[in-house]
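Look at the two complexes coming up: chain A is in both, with chain B in one and chain C in the other.
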Partner chain A sequence: MRRVIIDPVTRIEGHAKISIFVDEAGQVVDARFHVTEFRGFEAFCRGRPFPEMPGLTARVCGICPVSHLLCSAKAGDGILGVRPPPTAVVLRRLMNLAQLIQSHALSFFHLSSPDFLLGFDSDPASRNLFGMIRANPELARAGIRLRQFGQRIIEHLGGRKVHPSWAVPGGVRSGLTPEAAADIREQLPEAQATTLIGIDLIKSYMDRHPEDIAVFGQFPSLYLGLVRPEDHGWEHHDGVLRIVDSSGAVIADDINPVDYSRHIGEAVEADSYLKSPFYKPLGYPAGMYRVGPLARLNICTGIGTEAADRELREFRQRAGGIANSAFLYHYARLIEILAAIEFIPRHLDDPQLTADRLRAEAGVNQLDAVGCSEAPRGTLFHDYSVDPHGLITRVNLIIATGQNNLAMNRTIAQIARHYIREVRTSVAIPEGFLNRVEHGIRCYDPCLSCSTHALGQMPLVVRFLGPDGEVIAEVRR
Partner chain B sequence: MAAVKLATVWLGGCSGCHMSFLDMDEWLIELASRADLVYSPIADVKEFPPGVDICLVEGAVANEDNRHLARVLRERSRVVIAFGDCAVTGNVTALRNPLGVALEVLQLAYLRPHEEHARIPDDRTVVPVLLDRVMPLHAVVPVDYYLPGCPPPAERIRQLLSDLLDGRRPEQTADRISFG
Partner chain C sequence: MNPRLVIGYGNTLRGDDAAGPAVVRRLEGRPGLTTMIVSELVPELAEAIAAAGLVVFVDASETAEEVECIRLVPSKVQPVGHSSDPGYLLALAEVLYSAHPLAWLVAVPAREFQLGAGISPRTQRFILEATRLTESLCMNYPC
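And now, the complex of A and B:
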């Protein structure tokens, strides 16, 4: 058994390696994704006052700090035992939509589009944002400005673009000025136009390369995410959890996110600091599920805005119902940007937007609380326990990216087996093939600084693999 | 004039400094006309190349891979910048230090009291060994400039890069050296 290692995996948001296992006959047997970063948030947050958690856990991740900020503030709402004032809810939702825009724009335009526009096999020295700026400056500028639009809304609300300590237990610190609201409105048409350019781009790419859809992570799995309680429509911040299978059948519905641990377990493997959550009733690893844009579009009854719903219909038509290919994450991401751009003016028109009351005040009323929100990459859970003084005694973070870990492993194995037919010591594997394997990871837009501080609070499965990768023993608790 | 060779490195941190780098927005287009991005998490070159002019280093030194890369980048770069509070002081990445040495921290994170068979990820072919203490960059290699902030605002990054590209000595005025 030989092992080909890609180190580091690039144009993803984190530190990782990939192993491709090859047998004596030169055939690819398996591929594994290794997350090599560890930071230990769940350990060092213990003993800290819970109101500090939103600002501190934002530092889990510079790409989606807002996700952690909002999710942590929601857990804080639970500890206080309050509902934030309606204005705070609208403002938090607005910031989450802005975050979705900037993060999805980054994934598509800054990180993944060089593969589509410059080519998987193009020169690796220029296959990046700077190469895009030179090859297609207008598109690069449009992508940069779309991400800037999302970041600017975050700055209008929170005072800074990265790590705003703005959401707090019980609400938010500050409101939105009329000037800022006007500024946001003014930029909406350009943002929408850029998104539509992106959508045309990915659709015409898919028309020309149907094999990419078939090879980049096309397999059945479960899908999990939040939906609106009233109509099971697309949701990004509040709502209930729903799980559907690869045929679209709903297998669990209307789950209160507070009860997540009854449905989700976590497993650890020796070769990655990233844990692998799974759907408990099906066990590990059969309970593989996917989260994020692909899952959110698969589980919802509809989005609830005109242009995004039109695009959702085409998405489902192209996928033949439920989208089971990870390549469609790119398309799903752009549809979600469109949805966000359509929802933003509704929030700006909301009469509650400018009310004075921004924060509910209370002391510690509950010792355990769970916050849940949709991060750009998928469903995020912050689960805290505090002592009567409000000092943290236990933290569990279920991070979006971890939930895609099993599917990411399967995706890269599928791509490696397809493109790398025979590995011989005398012939190097073409760089473009390895880049395709990496792109399998880029489809999921993983955020690995987020994903690597799991502290097992939940049932654990450990697999011991032999030198040839066979399972020697499996231990469950 | 030959294009300046620019590298950006991400050690133990959250990538927020790199996001702030991208928040320079359309100035990136001007930067691309003056500099080649020869190594970066947002580019595909896998080996840190020789002859780098300016290297921005985000994050603290937290594991053996980080330490090795820090030494390599120092050897191959003319100007090394500690980019953001984690590189400058250790910051949030170093918050694990008071919990104990690497093994103790890993035990806290991956092993719970009643799980005798739970395991710590230890496949040394791919998973790097954690250092016992997280260190700021200058504890491992000499640093030429400090760019503090969590993250440094985009404007602050732009000022420093402009100064270096134009051959000016960067000013360390109060508005450029605040933390957080």
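And now, the complex of A and C:
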């Protein structure tokens, strides 16, 4: 068997490489998204007082600290055995919506839309944000401002854009000032207008390129995420877990996130530090499931806001029901931004927002606790055990990127099978093919810094390896 | 407008990677300086960079043998990952805001990046020198 290695994928976080396996006849048979560095964060946390965990885990990754902060604080709530005051819950939800906005805006406008505007076969030197600025300067600037809007909300709440140690076990440290709330309100119309332009862009692209929907990760899988307990609607911070299959049938419902380990197993492959979670009843790898925007829209009964629900209906109409193509992650991200923009004023109008009580106080009341929330890339679990003094004895983090690992492998294989008919010695890999493989990964917007706690960046390297592992061709970019 | 901006970046949990933030912490509160400490460079920093006349980035460097001072120019090569690099941010500031600040990178030699290790004694010594160099760059820049 031969391997085609793409090392690493550009424009995603962390250091990873891709191997594409081909048989003796030169046909693509499998693909693997490797992760090659490990930071040992779970071991590092042992012995730490659990109240430190939100601040520590927020430093897992400089890209999505807010997701870890909030999830860790929820695990801390569990150790204390308390429910945060309603005001703290509203404030945490506001911050999570802001995180969705800024992260999705980065994924769509900075990283992915150059491919839509400029094409997969365009020169990689210009197929970037600057090329996009040349092609559509107003959209590029608006996309940047949309991300800034999300960051600004986070700053209003947490006081710092990065690693805001604001959420704590039992609640939050500070509220939202009326001036900050007014500032957020003022920016909502522009944020919504930008999002709608983005939605028009992706729908127009999909109309012109239906093959991308068919090729970029179009296969049946399970979908997992949080839903609102009362109506199984779209949820991003609290709620219960739901799992649906590729036909939309609900196969597990109303799962308390605390019980996640009864339903989710974690496989470890020898060639990757990225754990591969799977749905236990179906085993590994048949229990492959996807998380993130695509999953959240597939599992929910509805979103609960006017514009986002309108788009959700079109999303489902275009997908023919359940959306099984990873390419639709892009569309789903924009719908989620829209939902966030619609939910934010509801939270700002919530009378609880201005109450004084922000934090529930307690000692250690539970020795095991699980925090669960929806990070932009998917469902995030922080599972802690502590001793009676509150010192961490065990940590397990299940990260969105890991949960999509199996699906990313399959997406790469599908793209490779479609665009490479036969791999032979000294074959030239077309630039467009590499771009498409990278984009297939970017559909999931993985953050490997989170998933493996890895650092490191390298240029793009493509290697062909023969049946005995020898490099028979190499391409660098 | 604050014309002199110093940005220290690195993960403060990872040993010598905290060198950039450590330098900037020593400069916090100096008159005429705006300081920022971030774990990674992200695109929206371009706005603050565009508002400055001088920008000094301070970062740990695995390859530097001595404290290095490197003149930066805008780079339109999009970096790997969600994070940015100084040249890319300068290019964003140029393209988006028509800003052309003078920019330097102060590279602090660093070797130990173990999680929770703290800054090594060797890098600590370089931090003192890097702090003086960064301050000198800023003070020599006319307001």
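Keep in mind that, in the parts below, the second predicted complex is superposed on the first by the 447 of 477 C-alpha atoms of A that agree within 3 Å, B and C clash if a C-alpha of one lies under 4 Å from a C-alpha of the other, contacts with A are read in each partner's own complex, and residues count from 1 in each chain.
Basically, a residue touches a chain if its C-beta (ideal position, glycine included) is under 8 Å from a C-beta of that chain, and two chains touch if they have at least 3 such contacts.
Computed from a prediction, not measured in an experiment: that's the story for all the values here.
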| item | value |
| --- | --- |
| Simultaneous placement of chain C and chain B on chain A, clash or fit | clash |
| Touched partner set for A:245, first chain B, second chain C, both or neither | neither |
| First (chain B), second (chain C), both or neither touched by A:383 | neither |
| Touched partner set for A:435, first chain B, second chain C, both or neither | first |
| Contacts of A:148 with chain B and chain C, given as first, second, both or neither | both |
| Chain A residues touched by each partner, larger count belonging to chain B or chain C | B |
| Contacts of A:34 with chain B and chain C, given as first, second, both or neither | first |
| First, second, both or neither for A:235, with chain B first and chain C second | neither |
| Interface residues of chain A shared between complexes with chain B and chain C | 8, 10-14, 39-40, 44, 56, 59, 62-63, 65, 106, 110-111, 125, 128-130, 133, 141, 144, 147-148, 151, 161-163, 449, 453, 455, 457 |
| Of chain B, residues touching chain A in the complex | 10, 12-20, 22-23, 25-26, 28-29, 32, 36-38, 40-46, 62-63, 65, 92-93, 95-96, 98-99, 105-106, 108-110, 112, 114-115, 117-119, 121-123, 125-128, 130, 150-151, 153-154 |
| Contact footprint of chain A on chain C as seen in their complex | 11-14, 38-40, 42-44, 46-47, 76-83, 91-92, 95-96, 113, 115-116 |
| Chain A residues touching chain B - in the complex, by the definition given at the top | 3, 5-8, 10-15, 17, 19, 34, 36-40, 42-44, 56, 59-63, 65, 106, 110-111, 124-125, 127-130, 133-134, 137, 140-141, 144-145, 147-148, 151, 160-163, 268-273, 435, 449, 453-457, 460, 462, 464, 475, 477 |
| Complex interface listing, chain A residues touching chain C | 8, 10-14, 39-41, 44, 56, 59, 62-63, 65, 106, 110-111, 125, 128-130, 133, 141, 144, 147-148, 151, 161-163, 447, 449, 453, 455, 457-458 |
